[in-house]
Each structure stands twice: as C-alpha cells, then as structure tokens.
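Once you scroll down, you'll see the structures, which are given as structure tokens.
Common to both upcoming complexes is chain A, partnered first by chain B, then by chain C.
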Partner chain A sequence: MGPLAVNELISENTNLFLAFLIGIAFGFVLEASGFSSSRKLAGVFYGYDMVVLKVFFTGAITAMLGLLFFGLFGWIDLDLVYVNPTYLTSAIAGGVVMGLGFIMGGYCPGTSFCGASIGKIDAMVFIIGLFLGVSLFGAGYNWWEELYMAKNLGDPKISESLGLSDGVFALILIVIALAMFTMADWAEKKFPREEY
Partner chain B sequence: MSESKNTIIRTKYLNPYLGGVLLGLVLLAANFVAGRGLGASGAIKSGVVTVVTAVNPSSVESSSFVKEYRQSHTGNPMKTWLVFEMLGVLVGGFLSGILAGRLKLKVEHSPKITSNKRLVLALGGGVLFGFGSQLGRGCTSGSALSGMAVLSLGGFITMMAIFGTAFAFAYFFRKNWI
Partner chain C sequence: MKPRLWLALFIIPLGLIIAAVPQNTIHPYKLTPAQMLEEVNTRTQFIAPETVADMLVKKDPTLQLIDVRSLDEFEKFSLPGAIHIPIADLLSEQYVEVFDQDVKMNVFYSNSTLTANEAWMLTRQLGYNNIYVLEGGLNYWFDAIVNPQKPESTSSDEEFAKYDFRMGASQALGGGSVAAQSSDNKTTAPKPVIRQTPKKKKAAGGC
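Our next item is the complex of A and B:
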C-alpha cells in the first residue's frame, strides 16, 4: 500500500496538499513542545531544559518502530522508502558546522520557522542567515565539491553496519534513550531555572 | 520578565514524551504518504535556486550547484514537497502559538546580552547552519531525525556530529543562553 505517492495511489497535487497538512501538524507539535524558543532549545546543552532530547529521541523511536511495524504488517514497502545516503566525510563535517550554528544561533532550520511563526525576531534573522549560508555553499560549490562527495558508502542502515537485525538495534536504541531520559531528569533537577 | 510574574498563566507546553510520540507519528505519516521523511533545509535550497535562477538564468549552466539541483528536480523548484511542508510549519506553529497565547513580536535573549548581540549571533548561526545543512545533505529534520527513523547510518552520524559539536562548544556561548 504505502508509500502512497511512490506507488502512485495519490496524484502529485494530492501529495503536495498532504505535504502542507503534514507540515501544519509538524509545526504545531514543534511549537506546542516549546521548540519555538531558542533558550528552551539551547537548554539541552547546559542541562537546564532537556526537552529537545526527550522530544527528539521519542519522535525518532516512534517513527522508527512505526515503520518497522508497518513493514511487518505489509502496510508499507520499506524498500520504497528513502534511506538517506551516507557520505562519511560530509556527514561529519556538515554536522560539525551545523552544531556550531546551533549553539551560536539557538535554532535549527525547522525550529527557526516555528519560532518565526509566533513572532520571534531572532528566528527570522536566523532564517535570513540560512538563505545566506545555503547561497554561500552554492556559490563556492567547486571549492568543497571534493569534500562533499568523499567517502560515499551508499545508503547503509546502521543496523547492517553493526551486524544487527533492525529489531535488535531498535531495542538497543530504546534502552539507550531510556537511560538518557533518566539522566535528563537528573540534569533538570541539578540545573533548575525559570520557565521562559 | 517582571511583568510575566504577575500573569497567572505561565508558558504551557506539551509533555515532552507526548510531543515526541506526536512528532514520531507525523514523521511516520510523511514516510507513509511520500516515502520520505520530514525536512526543512531542502525548502530553503528550493528558495535559493529559484532566486538565483531568476536573477541570473545562465547559472543553470554555470553553477554546478544549481545545475545538479535542476537535474534531480524537474519542474518548478517551489512546487516541491518540502516547500509545501514548510509553509504548513508556519501555519501550524502560528496556530499553536495562538492557542497557547504565545504570539508576540520579540527578540528572545538572555538578560546577560543585548538584543543586538543576540541578532548578530542568530544571523551567524543561521549562516553556519545553512551552509552545514548543504554539506551534510540535510539538517536536524531531514538528515538527523528522518535519517534515524529509517535507520540511515549517515543520519545517526550527522545527529551525533550536530549535538556533540554544540555540546562541546556550549561553554564558550554560555552567556548567551543561561
């Protein structure tokens, strides 16, 4: 059955309309969870507010389990679901640059749109920065093309790379997440602060 | 801040685990519908390609960045899944903001720094994040969160690189947040 658009069960325009609805739900959940506040987001790096860790890992695990179960039930063909490719060098280098941007700017691209939607001027300025940064990458593309294309490993799953089945890896990730949530609660008690 | 102490209703946020489950269901829906996860920086790229092509049509041939994008995306770059999704994010965030009474035009910053300093750092952070999202083939949404849900090795690596780096440099930026 799924993915609906890949199996051409819905038209291109229906797919875009659903993208808009999914975006509304995405933005609503992010804002309602507090991701429209840069100081709340940055809290995860100082221990005073661990909402990012809790929401992010719960979200990733929920979707991961949902996909695994949907696959088992035959509701979705997992071979047709896009798995992000792994270019080892740029995955690390890009992540490092993004991490610096995160601690400096307090947002990531998705959350900055969320912040801008409720009137955060710092989020709007961050978005201007995003456009400049993407343009900068495009303008100097020839300079970093080699780095960008280096160490292409294809699109391996982390479970394959570790020699585990998807289910066992999922279980291990859940245990790790539960341990991190416990640490997060401890950190929030140790570094308390007022609500923004 | 002193003013907000007098108001009865303080910031009301969703329980983070409930928020996480809902976020996961949204991500699952995206994969079920489109066969791909959520994203954000891809929509920015669409915007940049549109502007660059409009200002300088010859860039389709001269810029390998634009050329590569055009080869992998036929049609109007603004009529893409992530652009519609991100327009939805603006609407959804706005709706939640209205319901929670959080709609307010302001610069959010630590009392230890000025608004202007906050805005300069926001701009710089945005430039870095925008650049990094292209190098890393997606941001926290498209590469880290969505990549993790489909067990992509690269998704996990990028996630660890983003959070690890931010954590490692947190000390130097502490005045901006605490």
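Our next item is the complex of A and C:
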C-alpha cells in the first residue's frame, strides 16, 4: 500500500495490518495453486511442470500492463514507484545462489513458508537453511561488502537501456511471454512425469 | 477456444495500445495547476543574490547558474561559472542532463526575473527538482552585489552586516566597487538561508 502510507493517508500501523491481510491472501493463493509442493516448483527446471514460469510471467505482464495503463490514465505517477537499484555483481551472484538453492531445495523463500504452514517438513528444513544463510551473510558481511556493493547501475529500466519506449518494450515482453507459454506446453508434453 | 488464445486476444491488443501511445502522454506534467499555484504563491523558487554570491565565493560545486538571455547578452556579461541555455532552446534534448538530476541547484537568471521565471515554470512542470530563480535578476544583482549602496548611518546593525557581506562578495567576485569596508561594524554577515523544497519520498517496497 505504498502510495497511501507515503502520503500519510493511512497510518504506519494500518499499513502493516493491510500488509498482513494481503500476505495471508497471497499465501492462500500460492497454496491453492499448488505452490507449496517442492516437486511442482522444481518441475520448472526439469520441464515436467512449468506452472511457475506461467504464473510469474502472467503476474509480471498483468502488473506491467496495469501500471502502464494506470500511468496513462494519470492514476499513478510512475516516477514515484520504487525501482530496486541494480548492483550488477551481487545480482548475478545472488541469482546463482538463489537458483542453486531453488533446484536443490525445491522452494523459494516465499513458497517455503507456504509449504511449512501446511506442515511440509522439507519446507521447514528449507526455512532453517534460509535463516542459516541469512545469519552467515550478516556475520561475514565485512568479507563480501565490496562484492555486494560493486557495480551499482542506479535504477535503470530495461526499456531505457534498449532505447525503447516503455510501451514498445511491454508489447515485446507480451509476445515473448506468449512464446514462452507455448514452449512451456511443449516441454510439459516432452518431459512428462506421472506422479509428483 | 483454448484459454491461451483468449489470453492472447486480450493482452496483445492491450500491448499494441500501450506501444502506440506516445511516451510523453504517459508522463504528463508533473505538477498540477494547484501545486504550481502554491509554489508561485509561496515564492519558493526565488533564491537571494546574497545566497548565490556566498555559494560563488565558497566555490560551492552544487551551484549551477543558468543564463537564459540571448547569446549576445551572455557574452557581454555573465555570472561566474554560468552556462548559457537560451529560453528558446530550453526543451532541447541536449539540456535534459542539466535538469534531470538531484545533485545540483539549478539557478536561472535573466535581466529581470521574467524570462528566468518562465524557464523555472516550464522546467518545474516537467517535474525537475532543484530549480531556482535568482531573485531580482541581474538588475538587482548589480544593485546588491556589484555596487552595493552604503546604508544610512542610522540604519540597523543588520543593514550594515548585509552591506559588509555584499562588499566582501563584490570584491571576491571582481565587482565594480572596491571601496573600504565600514570598519565600525564587526558583525559578520548573516549566513544566507537556502530554501529547498522537500523532496517527495519514494514508496519503498519489493517482494
């Protein structure tokens, strides 16, 4: 509820309470879509279940189109929307670590809590590992601070770096997403797995 | 029909629409007329010549003076370190970098404040921050900094302090008058206050 809290239309506590409700709804939808199953999640790496890819691409496109049209109608000022700053080195290193953890554990941080909440033991073990990793990172921060802060690119948008307008980039991304969905369907037929 | 086809039929037209809309209608004027009026009423854009002179003397790297007069006038006289952006070329692509930043204070000046105010209003409406106008323009700059008038002997200490500061700045900046300073007054010039409008906080978030 960013704009409401920043502009002090709602208090910090109301903000947290809304975040709590949204979090519960998010977790419920994740569970209902089968995202609490590590086998289903890991399926994206083996090709037998591409639901993760489909869901995230659909989510990205929906949010992208929503933001662009809201901006077009003047309902939202896109310049005030927070864009995570890009630290290139740590983004790559973090992506590798996260990807390896995802393949090995079958969860990403959010879905591990989703799994643990319905009693999945592998998800609970994953969460323990998650806290170990966080603690290790914090304890050794001095060692990798330089790597962590290297190559700060500010908060660039891909469309800006490509010299395209946001709208043209959005259209390209939609076409890519639809192509990915077709590829995902093909992969699911090519690498089927009976029970998981 | 397959749901995938429905999805494609729905989102591809949306993508086409958003791609066809020119970029700048997605980024309309950043200030509403009401916000603009408030800024005009509170006169937040004006920066006193003393403040500018103080920054010039201290060689403050955050100060960026912008001369919006004609090239002739700019070549005849300009403030130290000023760059020349004639008002006619204000929207030129090459000057976007000058305005689109959060570090420097851009201070427009012209002979009076008229042209500088026009430039300020346009750039503010485009959403750029840290834009100011030299109060009184160059005409007042000459009166205040280059040739300051000695105050009446019955004037307040503050007036004398202001005069001392102006004389000092005038000398440091190579102004017209290099007369002896009023020695009976030891108070230092009041430090000019830089008025800066608070920046809007960005909404932080992430997953």
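In this text, the second predicted complex is superposed on the first by the 192 of 196 C-alpha atoms of A that agree within 3 Å, B and C clash if a C-alpha of one lies under 4 Å from a C-alpha of the other, contacts with A are read in each partner's own complex, and residues count from 1 in each chain.
The definition used in the following text is that contacts are C-beta pairs under 8 Å (C-beta built on N, C-alpha and C of every residue); 3 or more make two chains touch, one makes a residue touch a chain.
For clarity, every value in this text was computed on a predicted model and none was experimentally measured.
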{"item": "Partner chain in contact with A:L100 - chain B first, chain C second, else both or neither", "value": "first"}
{"item": "Contacts of A:L72 with chain B and chain C, given as first, second, both or neither", "value": "second"}
{"item": "Chain B versus chain C as contact partner of A:Y82, first or second or both or neither", "value": "both"}
{"item": "Touched partner set for A:Y46, first chain B, second chain C, both or neither", "value": "first"}
{"item": "Winner by number of chain A residues touched, once chain B and chain C are compared", "value": "B"}
{"item": "Which superposed partner A:D166 touches (first chain B, second chain C, both, neither)", "value": "both"}
{"item": "Interface residues of chain A shared between complexes with chain B and chain C", "value": "2-3, 5-6, 61, 65, 80-82, 84, 110, 166"}
{"item": "Sites on chain A touched by chain C in the complex", "value": "2-3, 5-6, 61, 65, 68-69, 71-72, 74, 77-82, 84, 110, 165-168, 170-171, 174-175, 178, 181-182, 185"}
{"item": "Complex contact set, residues of chain B against chain A", "value": "10-11, 13-14, 16-17, 19-41, 44-45, 47-49, 52, 63-66, 79, 81-82, 84-97, 100, 102-110, 118-119, 121-143, 145-170, 173-174, 176-178"}
{"item": "Chain C - residues contacting chain A, complex", "value": "4, 7-8, 11-12, 14-16, 18-23, 25-28, 30, 127, 200-207"}
